[in-house]
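In structure tokens below, several structures.
Okay, so chain A shows up in both of these, paired with chain B first and chain C after.
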Partner chain A sequence: MNSIKKHWWKALAVILLIYTIAFSFLVPLSPSVKSASPNSLNLGENKVILTGYNTGFSSDEKISATLEYDHKTLVCGTEIKQINDNQVSVNFTIPDSLPSKILHLRLSTNKFSSFSPELIKVFAVGINRDTTNLCEADALNSSAHSLDIPNRLQLNETIRNLMFHVPMWFTMMVILSISFFYSIKYLNTFDIKYDIIAREAVNIGLLFAVLGLITGSIWAKFTWSEHTDLFTTKGWWVNDVKLNGAAITTLIYIAYRILRNSLQEEHQKAKISAVYNIFAFVMMIVFIMILPRITDSLHPGNGGNPAFGKYDLDSTLRMVFYPAVMGWILLGIWMLSLKKRIYNLENKLEND
Partner chain B sequence: MFVKQLAHLLKHEFLIEMKQKHFISSIVLYIISTIFVCSLSFTTIAETSIWNGLFWIIILFSLTNAISKSFLNENSDKQIFLYTLINPRALIIGKIIYNLILSILLVLISFFVFNIFIQSDGLENMNYSMFLLAVVLGSTSISSTLTMVSAIASKTNNNIGILSILAFPILIPSLLLSIQFSNLAILGGTFDMASQFIVFLSLINLLIVILSFLLFPYLWRE
Partner chain C sequence: MTKKITFLLISFIALLANASLAQDNAIEQTFHESGKINVVVAIVTVIFIGIVFYMIKLERKISKLEKNSDK
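What follows is the complex of A and B.
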């Protein structure tokens, strides 16, 4: 009974991580239209082929496709034909009242409804009337919203990496804050056991930093770079303020380890590395908090904001992202407590 | 009391410096020869941002060289003697102020020499007073960080190697800010446009001094 009270959070960590991994690998991506060809339409009738992902059109299905702008339906597609599972052809007739705009495509079947913003460009010389709905789409009863991961342009399947890459940095920050806290505690008490916790926390923080760099590098390669060939050095790294922050954090804590190794006497080692740890942590926080506010970044929610944009997560992603963050943080703390126990046991063996 | 000790320490540092004139002249020579090597390899730099980056790299390395010795000269007997006499906080503040004066001097010399030897086309619009402010603020944070970290590094055997790996990652935020700030000055920006750089750099400088003030006694007390 006592052990349950003491160790329940480890069970929670395991459950959360199993849930995270299962959710992020098993749940399919939502059906969505990825490209339209041609994607620029002229006045009059245009035949467009829409290519989707995970759409699974079947021949007996009823499909509606509309072009929207600012919550108004402007053009309804006619003569919709399925070409294969992922392709349909649609006729869009652009009226002469429509000004040149970039429109959003909404495609619905009786199974799903997908919305692809800024997919199609219209070239027309229209008078910019305050257009209400120009056409009335047949209301299709798309069946109840099924569980799926949002399908974003450019991100595609890599969106699953959100549950691994982002929590690594959250965990690293938590573990390094623990290290910072114990370094302060060491300087107040000069008790060597606090120094051991600070040291092991840095080691674990570094592990998460390296994992975060690797997952981030792979993600950057397949979303931000046009070089998707694996066997080239291009595209693995981009010059971005958050990547620089990550790299600098890693460098600082590798330097911390080198500093420790170059000192001999135990208490001197503890004291000097605690001083460096505090100094470096505060400067790192400055770097992470200030610089993203004055430089732009490729990361979401940037140009003034070091964190996320609040519109980047939808309710499905939230359902798994927050548990994932919690699970990884608990795992990090668990690793830290194991390291502490190993140290205590080694100490005991030496003393016996 | 604190101020009195500070004044004495500064005087002491200057007297030592005057006795060892070879040190400051060796650093100045180091700067001039580095810039000369750069001028031989570049002669003229088309892009002002590269000109600016090169200038800051030269400053970073020469200041690292100049400040790395600030705690090296104190052999341990003298350290114990100093510790019994003065407040360690006065000592670190004294060192920071002294190094600040030294590095501003060195930076002004390198700015002058750099301007003579390495030309760039886009420098006509440069706002000189703003550029000098960027250089002074930037070298303040570089020198104060290096002073604190050299106190840490002096406890190890490999002083200058450890100093650079410990200090460079910490220096990057203020270095990046200074580079952007001076780039703005080169493009002919006004002080209104640069207000956020001035505020952030001053805050970082203040933070470094406060941290050194709080943490240095732990390094000193051995």
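What follows is the complex of A and C.
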């Protein structure tokens, strides 16, 4: 009974992390259109091949493809033929005049309805501002919404990293807050055991920071760096405020370790590093919480908008993201408590 | 030990900043296939390696304690 009272949160951490890993690897991505080729059309008949992801087209299925603008259906696709599981070919007949030269392409089946991420351009067409429905698409009842993860533009499956990369930073911030708290406590009491907790918390925080940097770098390399029209780099590091801020934070805390190692006398070491730690924590808040919100950042929820905006996370992702963050934070605290117990033992042995 | 780790960390960050190292090769190609699922695998592996690294450090400290308590 006593052990349950003492260790329940560790069991909770394990359960949450198992749930996170199972959820993030088993739940499929929602079916959606990924590309249309060609994506610029001329007057008259155009044959367009639509490629989807996880769509699972079948020959007996009803598929409708339409070109839309301002919520009005302008061109309905005809002769929709299934090529394979993820590809269909459609014929679009472009009339002489349309309200816009840039249109949205929507593909609907009984299972889903999705817009193509790229816009469709139409050449040599007259502009007629009247926006009315020019054609009527077959009404398709999309069946009940099944459990799936949203499929976003260049993210694809890597959206699952949300449950691994992002919690690293949340954990780092919680662990460094613990360190900050114990540094203040040390300066109030001059009890060396608080200083040891602060030091170990910085070590664990650094581990999570480095993991966050490496995982973020890999993720950015295969998503952000790909769109070369937006970013000139194709490398492992994108010049983003939040990335640079996180790197500087890591360096600040590495400097904390160097500072500690350079001092000899125990209490002098503890005092100076506690004061440094308080400044380092403030700098971390500035570099990862404040600066990225002032300027534009590639990270969602930055550049003026608060994090957890309603456009960034959908309800399925929330179901797993919050438990994931909790699980990783509990794991970090567990790691910290192990380190603390080892140092308590060490002290005991030295005093005997 | 700590100095070595710190050195490795700093050199890793320096390496990251050096974008010119990046080149499209066969291994990188596999990351773009099948909806980039391999990127997720790589990231989970990195985190797992990080946790194992922590375990090794912990084990070293415990062995030191064991040695001291035997005296």
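Basically, the second predicted complex is superposed on the first by the 317 of 352 C-alpha atoms of A that agree within 3 Å, B and C clash if a C-alpha of one lies under 4 Å from a C-alpha of the other, contacts with A are read in each partner's own complex, and residues count from 1 in each chain.
One rule holds in what follows: contacts are C-beta pairs under 8 Å (C-beta built on N, C-alpha and C of every residue); 3 or more make two chains touch, one makes a residue touch a chain.
Quick caveat, the model's predicted, so the values are computed rather than measured.
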Partner chain in contact with A:I290 - chain B first, chain C second, else both or neither: first
Which superposed partner A:S97 touches (first chain B, second chain C, both, neither): neither
First (chain B), second (chain C), both or neither touched by A:L263: first
Chain B versus chain C as contact partner of A:I252, first or second or both or neither: first
Which of chain B and chain C A:T189 touches, first, second, both or neither: neither
First (chain B), second (chain C), both or neither touched by A:N344: neither
Touched partner set for A:S37, first chain B, second chain C, both or neither: neither
Partner contacting more residues of chain A (chain B vs chain C): C
Partner chain(s) touched by A:I272 [first = chain B, second = chain C, both, neither]: first
Which superposed partner A:T158 touches (first chain B, second chain C, both, neither): second
Shared chain A surface residues [contacts with chain B and with chain C]: 251, 258
Residues of chain B that touch chain A when the two form their complex: 145, 148-149, 152, 155-158, 162, 165-166, 168-170, 172-173, 176-177, 180, 196-197, 200, 204, 207-208, 211-212, 215, 218-219, 222
Chain B-touching residues of chain A, taken from the complex the two chains share: 187, 244, 248, 251-252, 255, 258-259, 262-263, 268, 271-272, 274-276, 278-280, 282-284, 286-287, 290-291, 294-295
Complex interface listing, chain C residues touching chain A: 2-3, 6, 9-10, 12-13, 16-22, 24, 31-32, 34-37, 39-40, 42-44, 46-47, 50, 53-54, 58, 61-62, 65, 68-69
In the complex with chain C, residue positions of chain A that touch it: 21, 24-25, 29, 53, 155-158, 160-161, 164-165, 168, 204, 206-207, 210-211, 213-215, 217-219, 221-223, 225, 233-237, 247, 250-251, 254, 257-258, 261, 335, 338-339, 342, 345-346, 349
